[in-house]
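Labels A, B and C are assigned to the chains in the order they are written; within every chain, residues are numbered from 1.
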Amino acid sequence: MKKHIHDVLIIGAGVVGTMIARELSKYQLDVVILDKNNDAGDGTSSANSAIIHSGYDPEPGSLKAKFNVLGNAKYPKLVEELDVPFIQCGSLTIALEDEQIPVLKELMERSKLNGVEVSLLNKEEVLKMEPNINPEVKGALFAPTAGIIDPFNLVVHAMENAIDNGVKFLRSQEVLDIKKEDDIYKLKTNKEEFYTRIVVNAAGLKSDKIARMIEDIDWAITPRKGEYYLLDHYAYGLVNHTIFPLPSKKGKGVLVSQTTSGNYIVGPSSEPAEADDVSTDTFTLNNIKKAAMLMVPSIPFNQTIRVFAGERATCTRHDFIVEYAKSDNHFINVAGIESPGFVSSPAIAEYVVETLIRPLITLRSNPKYNPCVKKYHRMFYLSEEEKLQTLKENPNYGEIICNCEHISLGEIEDALSRSCPPVSIKGVKRRTRAGYGKCQGGFCQPKVLMLLAKHYGVSPTQIPLAEDGSYIIDHEIKEGK
Amino acid sequence: MKKVDLVIIGSGAAGMAAAVEAKRNGIDDILILEKDERLGGILNQCIHNGFGLTEFKEELTGPEYLQRFVEQVKELKIPYKLNAQVIDLSKDKVVTYSSKEDGLVKLQAKAVIMATGCYERNAGAIMLPGDRCSGIITAGTAQRYLNIHGLMVGKRVVILGSGDIGLIMARRLTLEGAKVLCVSEIQPYSAGLNRNIQQCLIDFNIPLYLSRTVSKVIGKDRLEKVVLSAVDENLQVIPGTAMEFECDTLILSVGLIPYISLLNYIDCPTSSAKGAVVNQYMETMINGIFTCGNCLHVHDVVDFVSDEARLAGRSAALYIKDKINRNANRINVKPGNGLSYVLPQFILEDSLEDIVIKFRVRKPVQDQIVWIRSGETIIMKQIKPVMIPSEMVMIKIPKEKLAGIKEDIIVSLEDR
Amino acid sequence: MKELTCIVCPRGCRLRVDDNMNVTGNACPRGEKYAINELTNPTRTITSSIRVTNRPYTLVSVKTDKPIPKDKMFDVMREIDKLSIEAPTHIGQVVKENILGLDSNIVITKNIE
């Protein structure tokens, strides 16, 4: 059999990999993207603060600073095209002691160097904007361009859009070995072999492992775990902006923010961890609680609906790595994309394609390229008239599956009909928010599971909660069906 | 906008009993809205017996119990809508529901009865420490998979929490062939009824560990191991007391919470029972919005749910006919020593009915005097040999005894 | 002297039975009957469910219409496993008469249209 040779193969379908895939889909190329997980955005991209940072914080001159600022500017258009919930709510970095005011001023200087619009607020101005902040607050740095995004939809819709424009996405493919023969890379996965001219390593927490498959490297990923609380969406008006403490060496610290769905997120911690460790522990969560209550004393932690953890792909180089491998420019490492990775990803993608890939291969415009995904109808965000119109077109949008978040059958069926459909309970949850509410799927999980089993024509025992192997139903009982 | 005298949200043991009673009290224009495809609510999956001893003087299973009410609803020709999820309730009693059949519909009600039941505390709410693997499931969800669909959630099971559903599921899973390794309860006493400890655990030699909780769950994709640790009197894990259980399933039976998002959205005040604050008519702080059953406070016996719902149904009828004196003085009822909550939280003076005070104790107690006092006045005094948190206590106060009472009423316990 | 928990109603009385089968601690006569029965011939009502053949992934609930000996619970369960029914079902409908010769029928406890 003649081997099929791809132009570009991307390892890792997180926010970086999918954004690069989408960027490449503008051109007439044969692009394939692999992920070891069974869905796009299942790693670091699925468990983070979901903040579109303004860019005041990174070291001036660093790649983090550059891509953050460039990326932030791309968001308003990007979220229109990809139909992703996004709110440019602005951020407040607050000083709780007088000695911290000079630090705010330093940050202000840094913002200027990074080209980020900020302003310094005094105590009264802060409390007027955010009445629930600790009244001991001394001042704050206000960054109006910061925002919050639905991180799951951003990644999945970027993937969907790339697939719609011709990219091939293969799930549950873990790259085990990479070799170069006659200018062609040969990749062996747990399932099959792939051939490609160019490799983009966007493997997140495993990017150092992948990079070492072709050469020795002078950097490494040292994962840092961050734990979070997610609160229900009743305590409206707790905070309107993303609230940060002053940054430290360990990172931006514990933040308090609303999410695009009106929930509140509190976290993260920052501790070294093994790769793929997303467990939570009581001690760390208690520390987060204490740190957050210093800033916003009235956080209703009794409204917690979930605690979770994610891992940052922190790199020993302390900056993003977006460059050719030392030994070969057809192997591109995009690694160490920790915060501000989400906001930076569209700018990184553009740089990878236009600056690093363009010299390697002829880029002809894809005449069929459409930057937009097919419009989503999320009943939660629609106006009364839009809801009625949607129901007129498809009555299944009236049949509510998730009681807590009022997610309809129509929305779940729509997600299943797309080019990057969910295969797990979590996949449905991330795309539609079914099971995202206070009962955490207690009521709707059986309904969603039966829908998935029916859609894929398999036994309910085959439907995973998240990754392959995370089955929910052990076996069927009783004779017959 | 379509007008309806009385909208009842939910058709479980509470909703149907409320509807029947309202109808019998002269309200004809009623609509029950049920989110599921059949009437009856959660009782549909409670296939075990033990229901109806008070209500029907015989022992019934959940589906048999609910069927008695379905028949009454049908006989009285009370209108209901299935597959109709209420997504909004406004303070002026506009009810919005969504269904495939009708789309989005707004109804202007004169009175509303919330009978939406409860939901289960889950891994998120208890901040379960450890991995995020599958195989961790609430007891009610496991019950639905098993009893409605015939799907078993596991083979080797640990149960956290000794609430009744957890105990019932221990028996159910054992009878269906699973190995239930143990039930672990963080408190030093069981949260379930004694009879369920006997017939669900002791009958099957399933150990019950008290003062122990899950200190870690371990599993990559599916649960592999549960670590149980002893806790001190502040319910904090004591290091060095870990017991490990290799299992594929952890069932959570760690409490039920009134499911009242609709009331939360309109800032309806709630009590320590986690349901709405109500008066003796089961009316919330929002005029004309009534509530009853497990969405008011979680009951241990369904018969008491139906009884409480009848009071709500009767009261809603009185309200619609404008028979409740809205300008009457309010007397607060407060939980005193030893109580976790008391219902109702306030009383409108000149009550039309005798008042049943309902409460739960914080911990198991013996030989207690229950005092119901207002200032210096002793309204009632009752001796109770045994009270446990899993059993709701009810004390009826004849309405005459409240004549002249103006100050807050305090319900408290005292050693005999 | 033996102690046991009454399972007749949710109250769950603590019963004490002396060597002459005198029962104390019961709040009602059913408790006395239960205690004596439990010590001489313990029985239980079994509730379970069976497949509805013409409704995919749907079970209907059943029970033994009389209590069966406690030590036969698993035997009865394995017999119930073999049963199935076609909808519509009606409460009280007998699916299996005199199961294992124990003088108890398996009856439907739920109406499914």
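In this section, contacts are C-beta pairs under 8 Å (C-beta built on N, C-alpha and C of every residue); 3 or more make two chains touch, one makes a residue touch a chain.
What you see is a predicted model, and the numbers here were worked out from it, not measured in a lab.
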item	value
Pair exhibiting more inter-chain C-beta contacts, A-C or B-C	B-C
Central chain (distance from its CA mean to the mean of all protein CA atoms)	B
Whole-Å gap between the CA centroids of chain A and chain B	38
Computed distance of Cα centres, chain C from chain A, in Å	53
Averaged-CA centre spacing for the pair chain C and chain B, given as whole angstrom	26
Where chain B touches two or more other chains, by residue	146, 148-151, 176
Junction residues of chain A - those touching two or more other chains	450, 460, 477-478
In chain C, residues with contacts to at least two other chains	49, 51, 57, 59
Contact footprint of chain B on chain A as seen in their complex	230, 234, 278-282, 285, 304-309, 379, 384, 387-388, 391-392, 395-396, 398-400, 403-404, 406, 408-409, 437-443, 445-446, 450, 460-461, 464-478
Chain C contact footprint on chain B (complex, rising order)	44, 47-50, 53, 59, 61-64, 67, 70, 146-151, 175-176, 193-195, 197-199, 202-203, 300-301, 391
Of all residues in chain A, those that touch chain C in their complex	450, 460, 477-481
List of chain C residues in touch with chain B within their complex	4-12, 14, 44-49, 51, 57-59, 61, 63, 70, 73-74, 77, 91, 109-111
List of chain B residues in touch with chain A within their complex	35, 83, 85, 87, 98-104, 119-120, 122-125, 127-135, 137-138, 140-141, 144-146, 148-155, 176-177, 216, 220-222, 237, 248-249, 259, 261, 264-265
